[in-house]
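Two complexes are shown next, each including chain A; its partner changes from chain B in the first to chain C in the second.
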Partner chain A sequence: MTTHGPDPHERVQGHAYSARFHLLDRQVVAGDGTPICKVDDLELTGRDGRLYATAVLVGPAALAPRLRGRLGRLVAAAHRRLVVGGDGAPPRIPLERVRGIGAAVTVDARDLRVHALEDWCRDNVVGRLPGARHAAG
Partner chain B sequence: MKRLLAVTLGILTAIGGFVDIGDLVASSLVGARYGFALVWMLLLGLVGICVYAEMAGRVAAVSGRPTFDLVRERLGPRVGLANLTASLLVTLLTLAAELAGVALAVELVSAVPYLLWVPAAGLLVWLVIWRVRFETMERIFGLLGLVLIVFIVAVWRLSPDWGDVLHQVTAPKVPADEPVPTYLYYAIALFSSAMTPYEVFFFSSGGIEERWKATDLATVRINAFIGFPLGGLLALAIMSAAALVLNPAGVSVDHLSQVVLPTSVALGKFGLGLALLGVFAATFGAALETALSSGYTVAQYFGWTWGKSAAPRRAARFHVVVLVALLAGTALILTGLDPVKVTEYSLIFAAVALPLTYLPILVVANDREYMGERANGRLANVMGTVYLVIVLLAAVAALPLMFATKAGQ
Partner chain C sequence: MRLADLIGALVLDPEERRVGRVSDVRLVDEGPAGLRVDGLVVSPRLRGQLLAYDHRPVERPWLLAYFARRGSARALWVPWDDVAGVRPDERTGEPGTVRLTRGAGELGPLAEAYRSWS
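Take a look at the complex of A and B:
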């Protein structure tokens, strides 16, 4: 639970969440407030003739189509060339993990791995520099 | 006591953020060329940054969201990315100019060419970011930057005819031999030096690094309403010193040595030494802020983990961006580009990028779902809207004026 902003549980009854306004492009944070990712896109699943948001999609593969036009194609192309293996589908965070929607979207981040680039930067660049394990504060 | 220490964030942002290479160059240049005829613009910019820094700080404290989070959220990914690209380019140019400022200050003391000091300055900035605590970093450079008060002493020692100065300030006239477009061009550069976007990026992100909560609003306001005007006072002193010494002598500012020249005329070697120390502290502090701001903006646009308070391993991409920004800034200055020109261009480009940064702040500061009771009051909205219009005008006029005046010639 973040300690910031209005309490998400206090949302007025019958006041619906708008996917575009409350979810898309919001910051996703872990329970302790650590930034995780953005809601780059939403996975929608059709059931009984209605669409339900079922997962938060993360990363350039999810963001590129939303950038539209030449820019979107450029990001998508750059991303494809950097990905090895897999089907190129963006990492997803199932909506069951979402704990609150407020100024940020709080998720249960245990064992969540959505960052290939973060892992690469940590293992190959930052982690190799002396003092990378110590917080400067 | 704790409150007193907290104010140092404001003082650092005031000294290293308000007075940075942009203010040093713009204030001094304008003072030397136009005397006191553009003081009004400095004051206009000063009020503007107070209004928006308070707003950005309040949003950060209440909702926990830094400025660039809001930019992407309210402008969408596409326009947000355009803003990111523009802001990042401007911040990089500014970072490069700050590094040159640090190196030039050392050159003026040591007589060793500044280009040799640039890599050392870049490395030192990185080491401070990597190892020094956020609060310690602020205090050291914030307090050291206060040495720039020497410019206020210098103005006082030059004992101008205050009545005459007041008249020049209140009834500004474009000098007879100066074209009006050039006057406006420098007016925009001066305005932009006060309202540089990286100041709100740093102010809001720094607040989150310091774990501001809604209960810290007093701190936010003390910082914005005392810290920034204090920085503005120093910029005003730098401009006045130039107006009193350089303007009558017909000296134009195209090197950092001319910025500090008035202190040596008024106070001799000792004054010059202090001024150089102040320039060093202010540019070094601002180099830290701009390098961190590069990381903040990119990380906040893409939603990455960011912050210099945690172990660097835990925010690897953020630290890679900071590192790359420092390398790029260092490399740019090592090409031998004129640091004063780099500063001028960074100010003009910043003017173009301003509206896309300030609009989302104003919108979110009014959103009760984020802000609850702490949403903007009427005064903040009136001031915010007025400044958004001014910022828009400056953004539209900046580039045409740059081309029309051949960048202020």
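Take a look at the complex of A and C:
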């Protein structure tokens, strides 16, 4: 019987990370390695006089502020026109769901919905097309 | 606030003199409490960026390490306690401003912080 040590990419208390190198633009994956999205920004929240990263932010609304100048404003404007429901705030993955930070950011993906526009299109457009329930061929 | 409000933000001392720009943010894992912002890596250059390994020393390969050392030689380490406030810009895509509690001359170089971290 083989035994396994702790996953080297599991979060470890006291470990330090570079936001730009370890987190921003990293692939977010589920525990089984399934790709989910990308880290487009981090939500920061003040607490007890300190600042904490409290969520991973995803999608165009999260990415737009990082794109400087007119490009950022164009992406934000396009997103506002495409947003379906909600207040246009970017989907967020609470940091409590982040299980590991390594080559990818591993999250607890149960009941996670970060692709609001794609989900809406799947349920309301693609899902209603004739034959949508059958696989091709 | 978002990380995008910090990365690239203009850094000013208490007399509103330009110190540089935020190049990176160091986060420390405090377990259930979350990832705490430990401080900022500030590049004295007002344009461009340091290499991505901003808050950690690059030792290999030697050529990359040479350029990393040159690029980060004047980078400053700003503990979060030395940040008086952050003012994001109202316009999307424009960097915000970070105001410090002390002048650039009182801040330690990033290289010194490397030694204390290791």
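The definition used in the following text is that the second predicted complex is superposed on the first by the 102 of 137 C-alpha atoms of A that agree within 3 Å, B and C clash if a C-alpha of one lies under 4 Å from a C-alpha of the other, contacts with A are read in each partner's own complex, and residues count from 1 in each chain.
We adopt the following convention: a contact is a pair of C-beta atoms (placed from the backbone, for glycine too) under 8 Å apart; a residue touches a chain by one contact, two chains touch by 3 or more.
Keep in mind that what you see is a predicted model, and the values were worked out from it rather than measured.
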item: Which of chain B and chain C A:56 touches, first, second, both or neither; value: neither
item: Contacts of A:68 with chain B and chain C, given as first, second, both or neither; value: both
item: Touched partner set for A:104, first chain B, second chain C, both or neither; value: first
item: Contacts of A:133 with chain B and chain C, given as first, second, both or neither; value: first
item: First, second, both or neither for A:93, with chain B first and chain C second; value: neither
item: First (chain B), second (chain C), both or neither touched by A:27; value: first
item: On chain A, the residue positions that both chain B and chain C contact, one per complex; value: 66-68, 71
item: Complex contact set, residues of chain C against chain A; value: 1-8, 23-38, 52-56, 80, 91-95, 117
item: Chain B residues touching chain A - in the complex, by the definition given at the top; value: 62-65, 69, 72-73, 76-78, 80-81, 129-135, 213-214, 299-300, 302-306, 308-314, 316-317, 319-320, 323, 369-370, 372
item: Chain C-facing residues of chain A, complex; value: 11-21, 23-24, 41-46, 50-54, 57, 62, 64-73, 76, 95-96
item: Partner chain B, residues of chain A touching it in the complex; value: 2-6, 25-28, 33-38, 40, 63, 66-68, 71, 102-104, 115, 117-119, 121-122, 125-127, 129, 131-137
